[in-house]
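Some structures are shown below for you to check.
The following pair of complexes shares a single chain, subunit A, combined with subunit B in the former and subunit C in the latter.
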Partner chain A sequence: MTEGKLDHFAYDDKIVRNFLMATMIWAGAAFLFGLLAALELAHWPFNLNTEFITFGRLRPLHTNAAIFAFAGNAIFAGIYYSTQRLLKARMFSDALSQIHFWGWQLVIICAAITLPLGYSQSKEYAELEWPIDLLITLIWVVFAINFFGTIKKRREQHMYVAIWFYIATIITVAVLHIINSIELPVSFLQSYPVYAGMQDALVQWWYGHNAVAFFLTTPFLGLMYYYMPKIANRPIYSYRLSIIHFWSLVFIYIWAGPHHLLYTALPDWAQTLGMVFSLMLWAPSWGGMINGLLTLRGAWHLLREDPLVKFMVAAITFYGMATFEGPLLSIKSVSSLGHYTDWIIGHVHIGALGWNGFLTFAMIYYLVPKLWNTKLYSLRLATAHFWIGLLGILLYYISMVTAGITQGLMWRAVDGSGRLVYPDFVETVTKIVPLYWVRAFGGLFYIIGFALMAYNIYRTIKQANTKVVDTKVSAAPLTNHKVEDEEPHKKLEGMGLTFSVLSFIAIAVGSIIEIVPTLSLHKYVEPSKIIDPYTPLQLAGRDIYVKEGCYVCHSQMIRKLPSEVLRYGPASTIEESMWDRPFQWGSKRTGPDLARLGGKYPSLWHFKHMMDPRSTSPGSIMPNYPWLYSKKTDFLILRKKLSVMKGLGVPYSDEEVSQADLNAIKEAKIIADDLRSQGIEMEKLDEKEIVALISYLQALGQKGKK
Partner chain B sequence: MSDDKENQSTEHFDGIVEHDHPLPRWWVAIFFATIIYGVIYYIHYESHSGPTTDQELAAGMQEIYQAQKSGVAETIDYDQVIKKPESIQAGAKIYSEKCFMCHGDKGQGLIGPNLTDNHWVHGKGTSQDILAVVQTGVAAKGMPAWESVLKPEEQAQVVAFVLSLKGTNPKNPKAPEGVEVSN
Partner chain C sequence: MKQEALSFFTDTWLTLIGLTIFFTYFVYMIIHVLYVKKEYYDAMEKLPLRGDSK
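Showing the complex of A and B:
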């Protein structure tokens, strides 16, 4: 390497500082949204009767803020800092870095405006509407060009393991986002996905699970591989372990999505694949944990002395817990108990608060003093942050697992005479409300810890009065000489393009095998069971259901489990959701399943229930929806909606499309007349959203009955 | 530390050193065990030597139907329970948990019909008629079937309470529905 000639250049540290500040700001927002959501579940009036912060709209806001705003900015900060140093090169283009930064903040602001307003596709972590989807794609491509351009101009022959994880992240997130977001616009802020029912469910959970894998796991593993040895100043434990666990993780993860759909109407073969690949994920995941933790071997005293090491080790330990619990929850019998319950909420928060949160905090505590050329203001405050945050996570996790298992057992309890022991769903809810309070306190502790950190970082930056400048470095350019006797993988680490193509192939295999067969949905549909599509008013009501985020608390999927059939009626079939765009199978039951709600109660019951759920279901924790009684249904757009649906293959006749609004008005009158005959007096009742919603609710589960 | 030196990789990235320890054996064991288990599991279920989810459900439902059938043996003498004076109070408690939302706290009718007047929608208001509606519900009108929720004795107690409401003339009654029945 002593060629003599050295390049003199500087790393772009400003972009890292920008992303770090954004991380701090959005972390605060994401955590506060989470706390408010937790409080609303403990005490429903916390939504203040305001539609914009009611749970159905707040929950997507919280998850999007936590994943894409907080974790996203943290990833970018960590990647921009470490990539430049690992590749010995300034980022490919400062302009692209700036576009990436500001573009991503724009995406977040668009999300923060549209989600509270109810513009949502209802696909979890992919709720944002189509114009924002396009913007995300654009910004991600900018990031990719900037990143791969940096690889191209690197001065380090071999790419370190952190870079491998960044490569896999950038490629896979692009594939996931684009494929899951293929949708047809109805208006500027509404669209219908091209996938329907079971197909949509499979694509969505292929995306949803791998958003966890490739947005919250692989980039953070990359960060771990850089910041753990940096913070502890210790060598990484095993190079060959990093090779095996990287490739096995990337290859296996992509298959695991269907474990979100066990015992549903998804074909058995896909469920089985989802379960077995989830089990196989255990060892590859733990490979990362071992490499992280054993980096400390021989230096465990650091754990006692250094709060940054504490955060890192706790983060990696939580990663180990979450990646053991994940495969466990994917076992069909365990899933039958835990799915739809708060156990899953506990599970994801071990990952989010423990793994992503704590690792990010360690990284911020490490980077801020370096980037502002000073020392951390207070190590004692950082230590206090650690213990308070840890207490918060434990309260959160223990309360949610207890709540989940308790409720799961109550749902399935059947006595000797073949009856449900707890036939009233609300009984299983009021039982766990105290645990919702414990969870909220857990979240509060976590936020208090974060506030200490914000103060600590503020003081650190304030005390750094010297003008900060980019780090200057000198390094030799890459020469073209090839080392012949390198191991194959070592050689591969010198080939950026080949490495990226292989990563793409690794994630493409599972994706193709699972998704392609279901693209011809009709193969799985029995012609004799094909159902009628929604009437125009039902469709209007359905869009209100989606808009209000009803799916965050109510499933529409009766699983093939005896206790569910006993409680809700016959198991849901593929045909029953075959026209559903987007699908509404749901992932959590804070309230009961609604797949067969239609006809169960008179329309008057729904009218009173949506106004004040406690008037018909004492003890319910569902919020009131007073705005449905003043807002008007948009009848005119129904022609467009039906025509888009028709374009997607829903069998509407041309006449049905052109008469959609008139037909909907007729339907509304029937329901409104019924309500009026029961004594409801309300001006222009026919036009109110509540009537359209009732029309949809009364259709649930009725279409299959012929 | 000699062990570390032996395994030391020559690579340094931005000052990060990588060792090259062999894979922990227990880790390799888990890795292969889960793969082998996965393959066997998949073959077992997808070659139909294991039950499909539909078959599992059918078997589970069979058990429940069996239990429900054997439960029929414990039928009670409904009339006797309905006539017991203490049944009214027990029925009132159940009514105040499950029924008042639709029929009103005093039976005056709300979403469902008035239970205090002389008009009856289904049958003539005899204890047998009321029991039948409580048990099997009226699906078309949104009255749930309580058979699978309330125990036989509880069903009878509710009927006793409903019978006791007749002629109580509560405030804000719902307009009469159904056919008038003369006492």
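Showing the complex of A and C:
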């Protein structure tokens, strides 16, 4: 297949350096946002009564920064470096590489501006609004063209296992992002998803789970398969195992999303399917972990001597722990205890801090000296980073798992007479606040370790006197990409397009079987239970609820569990959220479930509660929301909002749409008059956002009641 | 109790289809990797370690 002459060319190392620097910068931001969020939970005054950094808005900023800014840039740095070397080719287009880099940074900056301002779709890890969604799609396509173009012009016939993981990542993230982001714009920075209620929940958690799978797992596994052998200077333990690992993981992962919705109103067949496939994930995940760790067979002394190996081995071990715990939490009975608690937060962070973070640090320590043609400034600092970071992760994880199990047990505790032992939700919160402090200290240790790394990397680059140049190499060209007379998988690895199509089919099977049946909502809806849609003011209030990120701490889904029914009322039904765009089932209960909040308290209670939650719920850690009492509800946009909802199938009449603002004003007057009658004096009270929010909160669980 | 719980479990054919597809796929993959020659695996394992120096 190859000719005698050699091609002389250089790898594009500049793009790798750019992404590495971006990784470092955004890592600092993501970690600091996380620390502030942890402090806000430990001590609510850290919210500073400031809307832009209040927990409901800060948490999405933290998760987006950690996933897409820190991990995203790390992935791209690792992929651009390893792909060129594994395929023996410079990237397809330097221009596309630069567009990818700057475009991705633009996405991050847009997120950093819009999320604190409250522009959010409230779908976890997919909060960004539609113009940014379009930008992400565009930049991802640029990345895909650049990557597949490089495969096309490669000089290495066979694609190493790392490249397969990159292919699966690029294809699946595109599918996930596009399908989960189908929405209709209401204004420049607001939209409603085409899916509603249970459909929206399923699509979102199909996306949410697979964002973890295909943004935080498969690309990092690709990086593991490249950088572990490089750092240890030994081949991967078993290439045969890597084939089974790849195809099993890619096929199974996509099915697991419904495990986020166990005991909810999601049809039981989908819940069970999600649980069973989650359990099956144990096998390929641990196959991958074993493959990574056993790469050190016969060279375990490196673990004692080399901080990079320490980081890599710890990362792979944390991957093993997280992928053991994930399926465990997917078992229905375990989920009934752990879901909505801080156990899930601990689980997520052992993956993010341990697996993604430590693997990225190992990669950075490996790449920077190579790319700047020098040696690492200090191995001792790197070792100190490892131990301080490890202490931070352990403090974080142990405190959160303890907090989660404690809270889960308190929620379900029932005495001999069948009553809740801890009926006051706040009691279950104050109990775990000390553990929130431990978590914050864990995060602080992790950041101190990162600061040591930043200093180490700064000194490493500073000591590199020579002008950095791209790596020059020679390789024989490939004259023919057709692979004949070879064994099946060997043949497949020589055919980039076919391989990509098969990867797509592997992820499409599970997606279609799970999602398509639930798009026929009528199958699951009891016609006699269909509820009225929200009134215009309730809809306005709902959008404020979404904007303030209330879903971050409050669920709206009473699971079919006796203790939940005792605490909150009858289990939630599909019909109750069938007009909800976006759905607000939530994934965490730092505060209580709100599905049946309506009518539980008078409007005055809500008015006081949002101003100072401690005035009505002593011990609460919820932030104050003083800006809701000065900001005005936008009544005029309600016609457009109802019109878009009507277009999506919500049964509003033409008159209701055309009179939306007038009807909302009338509704607001009723609530404001009620508040005034109880002594509230505030100028233009009817127009304030708090009134619209109260209207929505009072509607929760009240629809369809006779 | 068991009967009540199972009454919510509709569309079992979807669960069965999913599991059947995966089982078939996985068995094929296991048989397949056992038939590939060791020399090929040895060569592929070493791919990242080749030709990276400046």
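We take it that the second predicted complex is superposed on the first by the 697 of 706 C-alpha atoms of A that agree within 3 Å, B and C clash if a C-alpha of one lies under 4 Å from a C-alpha of the other, contacts with A are read in each partner's own complex, and residues count from 1 in each chain.
As a working rule, a contact is a pair of C-beta atoms (placed from the backbone, for glycine too) under 8 Å apart; a residue touches a chain by one contact, two chains touch by 3 or more.
Everything numeric in this text was worked out from a predicted model, so none of it was measured.
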| item | value |
| --- | --- |
| Fit or clash between subunit C and subunit B when superposed on subunit A | clash |
| Which of subunit B and subunit C A:Leu279 touches, first, second, both or neither | first |
| Contacts of A:Pro434 with subunit B and subunit C, given as first, second, both or neither | neither |
| Which superposed partner A:Lys230 touches (first subunit B, second subunit C, both, neither) | both |
| Contacts of A:Gly649 with subunit B and subunit C, given as first, second, both or neither | neither |
| Touched partner set for A:Phe251, first subunit B, second subunit C, both or neither | second |
| First, second, both or neither for A:Gly510, with subunit B first and subunit C second | second |
| Partner with the higher number of touched subunit A residues, subunit C or subunit B | B |
| Contacts of A:Asn373 with subunit B and subunit C, given as first, second, both or neither | second |
| Which of subunit B and subunit C A:Lys472 touches, first, second, both or neither | second |
| Contacts of A:Thr616 with subunit B and subunit C, given as first, second, both or neither | first |
| Doubly contacted subunit A residues - partners subunit C and subunit B | 82, 85-86, 88, 156, 158, 160-161, 226, 229-230, 235-236, 238-240, 244, 248, 268-269, 272-273, 276-277, 280 |
| Subunit A to subunit B touching residues, read off their complex | 82, 85-86, 88, 156, 158, 160-161, 226, 229-230, 235-242, 244, 248, 263, 268-269, 271-273, 275-277, 279-280, 282-284, 286-287, 290, 294, 298, 327, 414, 416-420, 423-424, 560-562, 565-566, 571, 599-602, 604-605, 608, 615-618, 678-679 |
| Residue ranges of subunit C in contact with subunit A within the complex | 8-12, 14-15, 17-19, 21-22, 25-26, 29-30, 32-33, 35-37, 40-42, 44-49, 51-52, 54 |
| Subunit C-touching residues of subunit A, taken from the complex the two chains share | 82, 85-86, 88, 156, 158, 160-162, 225-226, 229-230, 233-236, 238-240, 243-244, 247-248, 251-252, 255, 267-270, 272-273, 276-277, 280, 373, 471-473, 475, 487-490, 493, 509-510, 513-514, 517 |
| Subunit A contact footprint on subunit B (complex, rising order) | 1, 4, 7-9, 11, 13-24, 27, 30-31, 34-35, 37-39, 41-42, 45-46, 52-54, 56-57, 60-61, 63-68, 70-71, 74, 97-98, 101-102, 111-112, 139-142, 144, 148-149, 174 |
